[in-house]
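Right after this note come the structures.
Next come two complexes built around chain A: one with chain B, the other with chain C.
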Partner chain A sequence: MSTAAFEFGPGDFERVAIERRTQTLSRPSVSYWQDAWRRLKDNRRALISLWIVIALAFFTLAGPLLWRVDPAAQDLDQVSQAPGLPQVAVIVEPYVPWAGLRATPLAAPAGGPGAAAGAGMPTDAAPTGLRLVEPATTQAVRLAWDPVPGATGYQLYRNIYDTEPDGALGLPVAEILDPAQVSFEDRLDLEAVPYWYSVVALDANGAEADGYVTLRVETSRVISAAEAETLGWIDDAAAVAIGDEIVLPYHPLGTDYLGRDMLSRLMYGARVSLFIGVVAPLLFVVVGIVYGSAAGFIGGRVDQLLMRFADFVVALPFLLFMILFKIAFGIGPGESGIFPMLVALVLLAWPATARLVRGQVLQIREEGYIGASQLLGAKTTYLVLRHMIPNTMGVILVTLTFAVPSVIFTEAFLSFIGMGVAPPTPSWGSMSNEGLRTMLTHPHELIFPAIFISVTVLAFNLLGDGLRDALDVRMRGQE
Partner chain B sequence: MFRYTVKRLIQGVITVWFIATATFIAMHSVPGDPLSGERLTNEEIRANLEARYGLDRPLFEQYLIYMGNMTRGDFGISFTQQNRRVNDIIREHFPVSATLGILAVVFAALGGILWGALTALFRNRLPDVVIMFLVILGISVPSFVVAGLSQLGLTSLNALFGVSILPVAGWGTLLHMIVPSLVLGLGTMAFLTRLMRSSMLEIINADFVRTARSKGLPPTRIFLKHQLRNAILPVITVLGPAIAAITTGGFVVELVFAIPGLGRYFVQAVQQLDYTVIMGTTVFYGAFLVFMVILVDLVYGFIDPRVRLE
Partner chain C sequence: MAQDQSSGMTADSPGTAATRDPLSRVALRQIALLAIAATVGFVLLMAALSWASDLTSSSTTSVGAIDVETGTITLSLTQEPPQLDSTRLTDSVSGMILGHVMEGLLRYDINNQLAPGVAERWDIRTDGATFWLREEARWSDGEPVTAHDFVFAWQTAVDPATASQYAFIFYVFKNAEAINRGELPREALGARAVSDLELEIEFERPVAYFDKLVAFQTYYPIREDFYLSRDGRYAADAVDLLYNGPFEITVWVHGAHVRLEKNEHYWNRDEISLNVIDFPYITADGNAALNLYRDGQIAVVNGLGAESLDQVLAERWPVRRYSDGSVWFFQINHREEHPTSNYNLRKALQLVNDPGELVYKVIQIPGYTPGESLFPTWLNGQNGLFRQEYPAPTVTPNVALAREHLEQAKRELGVDEIPPIVLLADDTPGASKQAEYYQNRLMQTLGLDIRIDKQIFRQRLAKAEAGEFDLALYGWGPDFDDPLTFGDLFASWNLNNHGEYANAELDAQVRIAQESTDQATRMAAFGRIQEILIEDVAIIPNYERGVLYIQDPRLRGVGRRVVGPDPDYSRAHIVAD
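Right after this comes the complex of A and B.
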């Protein structure tokens, strides 16, 4: 053994790393939100709903940038147009007045009792030979017929439905009191639809005969070059020739009863409906969080008082007070009425969230980690912001998702009874209301907004179900 | 139980007072008033009218008079139909709304319980899938769309048979009531079906059900006496709010089907700014709903002994 003295210096020692092998994490840890996302991704219905919601957001935000049509602009040449392909019009010569056709009035049939012309016209006399003098266009429909013996004049009717089933002749368009006049030119508000024209002969007293003749007329859409330029359909009237086809402003989803573009209105309506549907829940959830966490955290008498007040607000009949508040705030001229609706919604809808958050706060307050945090000197604001709110976030998010469809419903309901947004601002609810009036003849005006409301509400409901399953641990597995 | 009832009733009265006050405040902050029409330019006429309706007094005095009249059950005279008392309007039109509402609630509750139980029994099989799809549809489609489409359907149905099988609109006979009450109850029925299904699913394999089965009880008896009775409880709890939803939902159905109910009058009064009718109907509806909820809660106590302990 060597007697050389060992001199130990600091360099001879090395720090041993603390190693605890009792527990190792061999997989990366999954946070609450990662876990929730994983669960949501497995839920096919929720995922499809999420995509629908994203598509709706795109439709609302980017839609009006891509489809630049003014939702308030009226296209009076295409009122209540059904959805379909673009309409075309043929360029024709400008309108030239027409003198019409004349014929020698025929006397009453021989042997008639009356001496005066027409007195002897049989009561069931019907004109014959009703024909188009030239092809019918939206510029003019020119009709002619053979004179009726003994008639003193003719009455003309136009119908947009077939007259056959019940003999309804439709709109009286002209009364001709000259028996020699056996033609008629119709220029009244013609559209490119089929018309049924009827002619009835008038007797000596000006009364109509029972018989009539009807002609179905298909008008073709035409326009003169100058008119098309005035309407802005073409840039230069000189550049088109007679017989050219030009394409009218296109309305893929048709137009409403005032000739406004449905697609554009649906997009702008989505802005209103979704804006209220998303912003109002956000606002009242924030109010509810502040109110509920204050009540839950302060506790005692303050809590009692705050919650009693919330109970009263809950007891208010919701829709009645929505209407009352809407009237109370009033809508000035030129305002859309979105802001009063938001305020009314926030005033009435916060207590549900407040109750929920209060319950959560009361529960979390007793948790161990809160005690530990308090021991380490955490202040109240820190506790609320760092521990309470993040831990109630899941429940709040679920409430938020379910609040969206109910608010959209409320907006639609109010707009439907005329208490929602003021015209001309479109919203899906007010569009449905307008569409309901023309439901029988132009169902697309009701069906499109109705589909949009339904799909949006459905998507948010299913997304809410999925989020609840993914986020709310206690509700998991329940249906 | 008695103490609980009294407590709830006192709470109810305070709530109604709160509703009345909120209505008063809301109505008196409305810009413009029903007297500021185009015709009444004469100052004297205006002053006389204001005196008649008590609008010339200080606001607080107006409030006291209003509350005094309310407690006596006098809602005043309509502003737009000058010889009609609001009480008469309510007495005349509320029974119509109530009939419609009761029918709708009965239909919604029976339908909800039946479909909910059915879907739970046939879980994940065809009837379940079909009914739950319809339920989701019923929750997602607004009532005015359902009302409009069902009217359209009725029109074509009547046209198909050539005779009027069911009237498209109006009120009077039992036939008039069928379709509107179905439409009105549809949303609530969908909601109750969902609720009934989930509560039935919890019950369906509960211990006491297994015991009953092992005792050899017939399946119908187990279903009726053990499963249905227990699963129905949550449905009864939400019936109060459901009645509220149905009553206010009645506005739209009454409007679309041209039913002379109170809801239609309310909407009309709102559009014409008829102060007294709005205040009267709001307070009346509010009180009605508050006490309906209390009633349902009390009934719940009788049905479920566990709640009676409170």
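Right after this comes the complex of A and C.
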């Protein structure tokens, strides 16, 4: 039985099923974009920045719909108001000019104490009886005093601090060179705060005497019904009576130097900043992509030529061209400089993107899969659209997010130096410029636009940073 | 670095939930470290800066604002004096400096009255004038000041080759206008040195205010041999000037430093108490000047802005005021192609203009007064103040009436909407603020679209001269103490009438005011000019400017004036405290 023939029959074989799957994925597949988004979400700074950017967009687009205040409306009764609670004013009669009080000038007492020869008035003479003629309001403060013998006139001072103990009389609000005039009406920028008024007599040479009399005056905030109606604070002047209280328009973030609402101005200002910040980079990045990919793809002498031209454009001074465009487009005085700014940005800022895209395209062109694709008969358009652009997308997006803050900053800078928007259109830059003047006394006028510029620029930068990390395949899994 | 790498490797593995926490902890630690580094860095930087500023200030405090022993006062200038050649000078900073180092035939004293300068006595007639010069007047090189020096300076000023903007101020001289037009040689000027000390002047027409003209800075003397020896560099540097005033310029570092020292050859040197007036700071920044004052570096801060008043009050510094004499108004373009040539539109603008609101609520600086007329309140009339003798016609703001005029204007111009109106303004903060106020005011009341054209001073002037505006915020300061300095501004031939306003009756009145020597007739003419300007809305007055300033209490006797060099420190003195 040792060499018994052994034959295999068909029954011995079994068809093996074709195993197509060589590998199993135990988890769902993650695409490039999904992975990028996952990693962006893990980056807390970038995520917060993203929320800030969304909030800014909401502030700009929806804000003016919710806070319906005209950014150009001037509330001259509430100039340079700090952020705070709403103010209340009492309705009064309309302002009527006041002739003032007159008195017969008194002759100098003969040989009074301290009287210099010929001067007529003692050098320490002080007026007496300084009084309010009627209750002091923000409409007018009317003061009167008793004539000083020998005085040729009076000098009036006003202080917002107590004149004592050192006799700092404050601002010289009026000089009265008529000795018969013993009254004064103050209408200068009156606020509902206490004032210290002082009167000093002038001697024959017009020099001030050493003595003075001071009166503390409490002013109350008032407005006439007609004025309130003109300003649109009440609907009908006849509906309110003298003595009624009305609430003045509320400015949550205060007002600027012409009484314009800061919140509303910030919202409208953001429009300009964000509009140019988004539109300009979009435009010049597109130009850069087309230019850069053309140069990179065609290569050779064309590439050299195109890139030398890009180098030339980089060397052009931006500010100069901005001014040239302004003139070339016939942008007259008082018209917005936003359009020439946009044109100048698009025409001058694309080379950076073009260079980046060209570099990427040059690199990708040599990759194996491109060669394979070409061997399989892929056409140029297919190569560019299917391989080149998707693979440079990360770089492009990052350029875009970094371009946004830099353009916003450029806009703010140009508006700051007065090259951007035309008044009364607000922009964060022009608001900062205006706020700079009152930095010490009314810091909110500078701080708010400055905070908005800084936060916006920072948010876009951090977001761009996060995007770069998320989109860069080499950075994958490194953080 | 290596640590990061390895932790990164593990992060790649599926256990994301476990690795997320350390990750954010790393991020938080990074942020915290960054914050600490930033704070520490900031503090260090500030400390270094304050240390550096201590270093620099300690090196200069040795001078201080006022030095009693050496009789030195230290001040700041708002700009480098652009032109110290008296024949070409137009601006106030140069005028102030030159006022300290030069002296004309007459000058203004501390009470702003005319006083003898180089001239000892004078005689002014209807056909001319004679001045007798004092013998002891000297140039800073010791040479006597002679009548020839005046004649040479005046001939140079009217010479068309000099192209002086103030040549017109000599037009009362015989032949001056013809010389300036190049029709006669400069020697034909109606001024002649009879001897070294006697100066004879021939008038073109009678002039009632000649003594006031003579005090003007374009009338300062220039010595011919010195002028020629400078070979076109006259007044370019401290050594290129010869001085006959109480002080002389010893240091002039352009853009940085000007120093005046007492002129030992000045004839009236005993009256001068200060030895040195030093201007080591040139800054137009009001805040910088305030800080210098607070640090005791300068003795005077001029022209406080509304935004610094609260700070000044809090510091309890004594504030003073004076009127600088200038009047500010809307210059209106009357050329036919501009909508503002329409009377009803101008009337509408006039009726919505509220100078009170502008001054009290927008400008907010005490010393400014609402404008009512081209003629400021301080001008002297026949016996008292001009404006008391001839009150300006009052205009009460009336929006309803203004709208009626506006409708009328639209009908006359044949338009549904008035085209955008260009408002030309300086690019200073103050002018911008006023322009924006008017932009809103005219939009609210009349629905007018105002385009603000902000320009630097020189450019604004060029645009005004070219007529490229509808409205312009415009100021005019006096050259001499007579209503004529304002009165002839809107004569049709006046070169500063940039809106080309032309009114035959006004022209006739200006002629009367120029040629008459009877003060009553002249004042009546000015009164009529004032009326015409308001009634015909040739201009719209805005305000008269006041200036607030703070001055070290130890410094006394500083002259502040409307006409002439201002401020005048030449007769100031120091009191020790």
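Note that in this section the second predicted complex is superposed on the first by the 338 of 479 C-alpha atoms of A that agree within 3 Å, B and C clash if a C-alpha of one lies under 4 Å from a C-alpha of the other, contacts with A are read in each partner's own complex, and residues count from 1 in each chain.
Following the convention adopted for this analysis, contacts are C-beta pairs under 8 Å (C-beta built on N, C-alpha and C of every residue); 3 or more make two chains touch, one makes a residue touch a chain.
What you see is a predicted model; the values in this text were computed from it and never measured.
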Partner chain in contact with A:441 - chain B first, chain C second, else both or neither: second
Touched partner set for A:161, first chain B, second chain C, both or neither: second
Partner chain(s) touched by A:327 [first = chain B, second = chain C, both, neither]: first
Which superposed partner A:418 touches (first chain B, second chain C, both, neither): both
Contacts of A:461 with chain B and chain C, given as first, second, both or neither: first
Partner chain(s) touched by A:258 [first = chain B, second = chain C, both, neither]: second
First (chain B), second (chain C), both or neither touched by A:319: first
Partner chain in contact with A:129 - chain B first, chain C second, else both or neither: neither
Chain B versus chain C as contact partner of A:450, first or second or both or neither: first
Contact residues common to both interfaces of chain A (with chain B and with chain C): 418, 440, 478-479
Chain C contact footprint on chain A (complex, rising order): 27, 42-45, 72-74, 76-77, 79, 158-161, 166, 168-175, 187-189, 205, 230, 257-258, 332-335, 418, 422-424, 437-438, 440-442, 476-479
Residues on chain C engaged by chain A in the complex (per definition of touch): 4-5, 8-9, 11-12, 14, 20, 23-24, 27, 31, 111, 287, 305-311, 313-314, 316-321, 356-357, 359-362, 364, 366-367, 399, 420, 422-424, 427, 429, 432-433, 435-437, 439-441, 443, 450-455, 548
In the complex with chain A, residue positions of chain B that touch it: 11, 14-15, 18-19, 22-23, 26-27, 29-32, 136-137, 139-145, 148, 151-152, 155, 197-198, 201-202, 244, 248, 251-252, 255-256, 266-267, 270-271, 273, 278, 282, 285-286, 289-290, 293
Complex interface listing, chain A residues touching chain B: 311-312, 315-321, 323-325, 327-328, 330, 405, 409, 412-413, 416-419, 429, 432-433, 436, 439-440, 443, 446, 450, 453-455, 457-458, 461-462, 478-479
